[in-house]
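Chains here go by letter, A, B, C and D, matching the order in which they are written, and residues are numbered from 1 within each.
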Amino acid sequence: MLHNLILIALFSPLLSSIVSALFIRSPKKLGIFSSILIGISFISSFLLFVFYENSFSYSLFDWLNVGNFKLSFGVLIDPISLVMINTVTLVALIVHVYSIFYMDEDKSINRYFSYLGLFVFAMMILVMSDNFLGLFFGWEGVGLCSWLLIGFWFENNDNTKAANEAFIINRIADLGMLMGLFYIYWNTGSLQYSEVFAQIPNLSNTTITLIAMFLFIGAMGKSAQFPLHTWLAKAMAGPTPVSALIHAATMVTAGVYLLVRSNEIFALAPSVNIVITYLGVFVALFAASMAMVSNDLKKIIAYSTLSQLGYMFVACGVGAYWVALFHLFTHAFFKSVLFLGAGNIMHACKNELNIKKMGGLYKDLKVTAIIMIIASASLSGLPFLSGFFSKDKILESAFSTGYLDIWILLLLGAMMTTFYSFRLILLVFFVPSKEKNSHTHDAPKYVLYAMGILGVLSISAGWIINSFEKFINIPFELNIEHSTHYVMILITVLAVIITLVYTICKYKQPIKEPTSKINTILKNEYYIPYLYSNIFVKLYKKIAEFLYEIIDQKILDKFYEKLAFSVFNFGIVLRKLNTSNLSIMIYFVIVGFLLLLLTNFIRILL
Amino acid sequence: MNNLTLEALNLSVFTPMGVLLIGALLILCLDLIQKDLSVNFYTMITTIFLLVDLVAVLSSNSGDEAFFGLLKVDGVSIIAQSIVIVGALLFILLSIIPKKFNEFRFAEYFSLFLFSVVGFQFMVSSTNLILILLGLEIASLCIYILIAIHNTHKSIEAAIKFFTLGAISSSFFLLGIFVMYLLTSSIDLVEITARIQTSNHTLIILSLCCFLVSIGFKLSLVPFHRWVADVYDGSSEIMAGYISIVPKIAGIVIAYRIFTPFLEMNIEWLYNILYFIIVSSMLLSNIMAMVQNDVKRMLGYSSIGHSAFILAAILITNEQTLHSIFLYWSMFMFTNMGIFTVLWVSRNKLKKWHKYHDQPHIKFSGLIYSNPFLAIVFSVFMFSLAGIPPFALFWGKFYLIGTVVNSGEIYLALTMAVSGIMAVFYSLRLIVYILLKEPVELDGQIYITNVSWYNKFVMAMSAIVVFFSMSIIGGLLGYFYEILK
Amino acid sequence: MIGLEHYLILSVIIFCIGLLGLLRRKNLLMLFFSTEIMLNAINLAFVSVSSYLGDITGQTVAFFVIAIAASEVAIGIALILLWFKKTRTIDLDSLKYIKG
Amino acid sequence: MYEIIAFYLFSSIILALFYIVVTTKQPVFAITALASGLIFIGGLFFLLDAEFLGVIQIAVYSGGIMALYAFGFMFFDASKDIEERTSANKLPFVLFVLVCVILNFLLISPKIALPKPIVEIDTNITNAHQLGLELFSKYLLAFELAAILLLVAMIGGIMLLSSKMDKSWTTTPDDEIKADS
């Protein structure tokens, strides 16, 4: 029966995709049908979890069985994959339901559901496969679907550009991944997880480091880590539910999944782990600082995703793999609901994205606002919400492995997270709006219920932390004394709450330009602490803006553009040289011959 | 030399080629007796003979010799011949179309087509250099003619360019043979390698220089690649597709037979030069392919890169070389066949999209709207060309790069992977036109003016292979292992 | 007695004259003349080596080279003639209908 | 002694003639020079005891070159210079000298220890006899292939110059073709 459940869970998204593709030109809308199929997939995944006893792998069919090259496509059911498939199918289900509402007016809604179903299928392959090749297939599959979905509204040329950038940067990273796979295969003779991990301890240190490095490059691309991160913010060009599903909850976390899955390789490559840790911290802060100054609703959330991915990588880097997976798990819920809420806001404001132009939406979008506040609180790590448990665990893990510096930086990151999350909430919902938009209204009830599920999970998913640790069963010892532990939690909570209060004070009113100098001076004199913090904040804001505008937008973005452009230009120059003149063709042949002779000649002379 | 009996000739080995020769002559005779036989009729005859030929090739025993050792059938030759015949078989089926093109006025078209296949078959089943050259010349002359009788200014120009450079390359091949002959007094590759005492002789390298020019031309490697785009551009889609696959596999076999023994002798010069040629071919061709505005020219440049991939497999000379070469080329064959079939189906006599080009990128703008089915099939083939899993060419690349990594050539493998990424650039460029641009043509019928059941069959065959390649390659590799013992 | 080297040098020079013609000539017919010269240079080399080695194979090869040269001339002339019929010129620079 | 004189005489004539072929502006000169150069190569074949090939060379080329003559006169007005835009630069000559010197150096510099022959020349039978034996036994297949090669060339020549090539169906619309036939 378990086998049937696996097949149902795996193939019902594919069925949804195929059926939607068949009706691509019909006006009939298949959203409900697709959602039911994804729902079936979710139920099967959940049942698999309920009936789970021992991890087992189930071979679907033999792929290759030639000489010394054996591969079979199998499915591995173990705690890691169970967590992943349940998260993926649940979020996918809710995004599907949401899309029925969000994409209702789009002509090509069936095409949309077809892509979405295909994406879920590829993602399931990615997380369920019991070998690296299947993982790579899913990896490429989700990349392809992401390309299709980012460029879904291709009437706009920018969207196409964004989609291409995402695809190409991912391909560059996949190259690293592919090299890693080759290296694994030729060193261990297999791509099956079980066999590879059994062989790994016998390999030399350099080999393991190389393998880990290559795999990590692959993970960097998919999880948009610096310097391959520029595509993620641009990927927001796609429909908002897509951002919720792909660019928050599932695909971008595939990199983390890869690290968790091959933890036995990474555990033996300490130097790579250090790189992962520091890169993770850097990204966590780098992205958060950009989120603090951005005014684009979706981009803020995208940068926030980036920052949280940095946290997960830190957890992987210090060896706390189950913590990384746990943060992935909780993050999926609150981040996707944030995106869905953003979708509601955009729907209400006629696709306005600039948060500076919004405000006072609380009256009209009460339910959305409440859900988003919960999600943001959870994201900031306010006590007893799910984000609190997972993020706190990451801080503790970093602390307990002796990275005090990283702990401090991550704490700073947490404060920044609070700041930008509530800045967004306040600016969108509470600041009195400049223009009166009278016609805004909230999303239909069924959508809000669906979002409510995620909202509830954003609150409660963290409570299972202890059973989660037991279930995953990747040992990681926290050796912190109880008293230190409490002090740490206290510090974190206090820091977050102080930031929260500060943010609320700062953005209670729309920030006005100071009207008169005297007024400002008076104000500053009255609030001396405020002055300090103002200077500090301003300085910080400068740095953040520098990072955002110069490093990210100007240097890296331009770099990728210039790279592509210069290759293209080089080609044009070459094309000019390659005139179609027969005489010149003959010259090429004979000069080529002469060069060959010359090398021979020089060889003799030497 | 007095034992010249029929038994000594061992004619049974000659059967596959004999069948085709009879077929070619039969077509010539039929044309003499009865003019105005339809294209369908000739196509069917050609197909039947090719099928018989295929069966004969597949049932021949590896290791047989005939004509006093001039004709040698080994595993390499059996697989190469099969690829040649399957390629020819599917391409000739494209001849049955509703539109009238100039080449189909000639019954000799089919006869020459068969002669070219015979030429390639001889070329790959001998180690005697002069027989190889004769086979090459027969096939090449047929191809020059087949290109020219498309009868446009462009196609004649392409034929003349191809012919001139081909004649030069043949001269260099002969020069290479001559130097080998001077060194060993033999023109048989097996004897030559047996008779060479010191591997570091200047004359060996001189001879290899000449072979490099000639084979470099045949496989279109930098800097002997200049003809490719022009010839593809000028030829009809059938011939362009044909020369992108069939002559190349013959050239690959020759390259394998000539270079491998010397690479195994550890001639450093040859290794370095090949390395350089591979790297520059892969990188330059992919960059050039990126900036083309015509699909056929783009495919021309892309095929340079694919040849360089194969040469990389030859360079590393390990026991998996041949398997990876043949796997790669079979997968490439079906991918390319699909692309050229799509182009052929969409070919018509209007030049409404571009002044010079028949198949500019812009022609396919928004094909997804005007003809969704064709658009999807086309993009699947292009994805395969880019090496995106799970389509056919991914497997070829995977296995080939794996082989290269296995032999410790990590930098070469990296270069190959980088060129794989560049392949994504140029395929994506076309796919963007197909899927993500405003349509130029709202009437989808204009893209299928040339469609017939036979076209559809070829397209479906290629699509099936490309799509379900992962269930095919297992059996294919197994077969290769068995044949290559 | 003349050494083999003399014949080899002669052949190489003839071969290179062929190359010179290929590079210098802008007339298709002259281009084919040049390839003819190259083939004959190789033929001469084969025959001389065959004779100095006392091995008949070289002459056999030379025989086939003559056949190859003859068929190449036939096709080459036919192609030029076709081109001449279409464009009334056989200048190499008239091959300009294909553009990149 | 007479061999040496013949060799140097023939070779200098051949080089001069071929040089004329690639440099002259007079098309008739070029064709004549080519034909006589090829025939002098046949002379060298006699000198090398390859009588049969010598005969073939002269027969084929004196026959074949007649055809070239015919074409030459057809294409050009014999009295005029070739309207040929020969490139004025010196690059071809530089390349010529470089290739020539290096190729000669590479071919001649190593002491060639002549290898053992595989099929020895039998002085008891004539050259034609021995070549015939070789062609019709060991190289029978190659001989047949040469025949096919010539057949292909013949068919090709006929096809390319047939009247069906005058009007190209590839560029004429289909309805027009139907109307014609």
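Everything that follows uses one rule, which is that contacts are C-beta pairs under 8 Å (C-beta built on N, C-alpha and C of every residue); 3 or more make two chains touch, one makes a residue touch a chain.
Owing to the predicted nature of the structure, the values given are computational and were not obtained by experimental measurement.
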Distance-maximising chain from subunit C - centres being C-alpha averages: A
Chain nearest the overall C-alpha centroid of the shown protein atoms: B
Chain pair with the most C-beta contacts: C-D
Separation of subunit A from subunit D, taking each centre as the mean of its C-alpha atoms, in whole Å: 69
Inter-centroid spacing, subunit C versus subunit A (mean Cα positions, whole Å): 65
Euclidean distance of C-alpha centroids - subunit C vs subunit D, Å: 5
Distance from the mean Cα position of subunit B to that of subunit A, given in whole angstrom: 43
Overlap residues in subunit A, where contacts from two or more other chains coincide: 575, 578, 580, 582-583, 586, 590-591, 593, 597, 600, 604
Overlap residues in subunit D, where contacts from two or more other chains coincide: 87, 95, 99, 103, 106-107, 109, 112, 114-115, 117-118, 139, 142, 146, 149, 152-153, 156, 160, 165
Residues within subunit C bordering two or more other chains: 8, 15, 18-19, 22-23, 26, 53, 55, 57, 60, 64, 68, 71-72, 75, 79-80, 82, 93, 95-96, 98-100
Arrangement of touching chains [line / ring / star / complete / other]: complete
Of all residues in subunit A, those that touch subunit C in their complex: 575, 578-583, 586-587, 590
Subunit C contact footprint on subunit B (complex, rising order): 130, 133-134, 137, 141, 144-145, 148, 153-154, 156-161, 163-164, 167-168, 170-171, 174-175, 177-178, 181-182, 185-187, 229-230, 233-234, 292, 297, 356
Of subunit D, residues touching subunit A in the complex: 87, 95, 98-99, 102-103, 105-106, 109
Complex interface listing, subunit C residues touching subunit D: 1-2, 4-10, 12-21, 23-27, 29-30, 33-34, 36-37, 40, 43-44, 47-48, 50-57, 59-60, 62-64, 66-68, 70-75, 77-82, 84-85, 90-91, 93
List of subunit A residues in touch with subunit B within their complex: 24-25, 62-67, 69, 136-137, 140-141, 144, 151, 154-155, 160, 163-164, 167-168, 171-172, 175, 178-179, 182-183, 185-186, 564, 567-568, 570-572, 574-575, 578, 580, 582, 584-586, 588-589, 591-593, 595-597, 599-600, 603-604
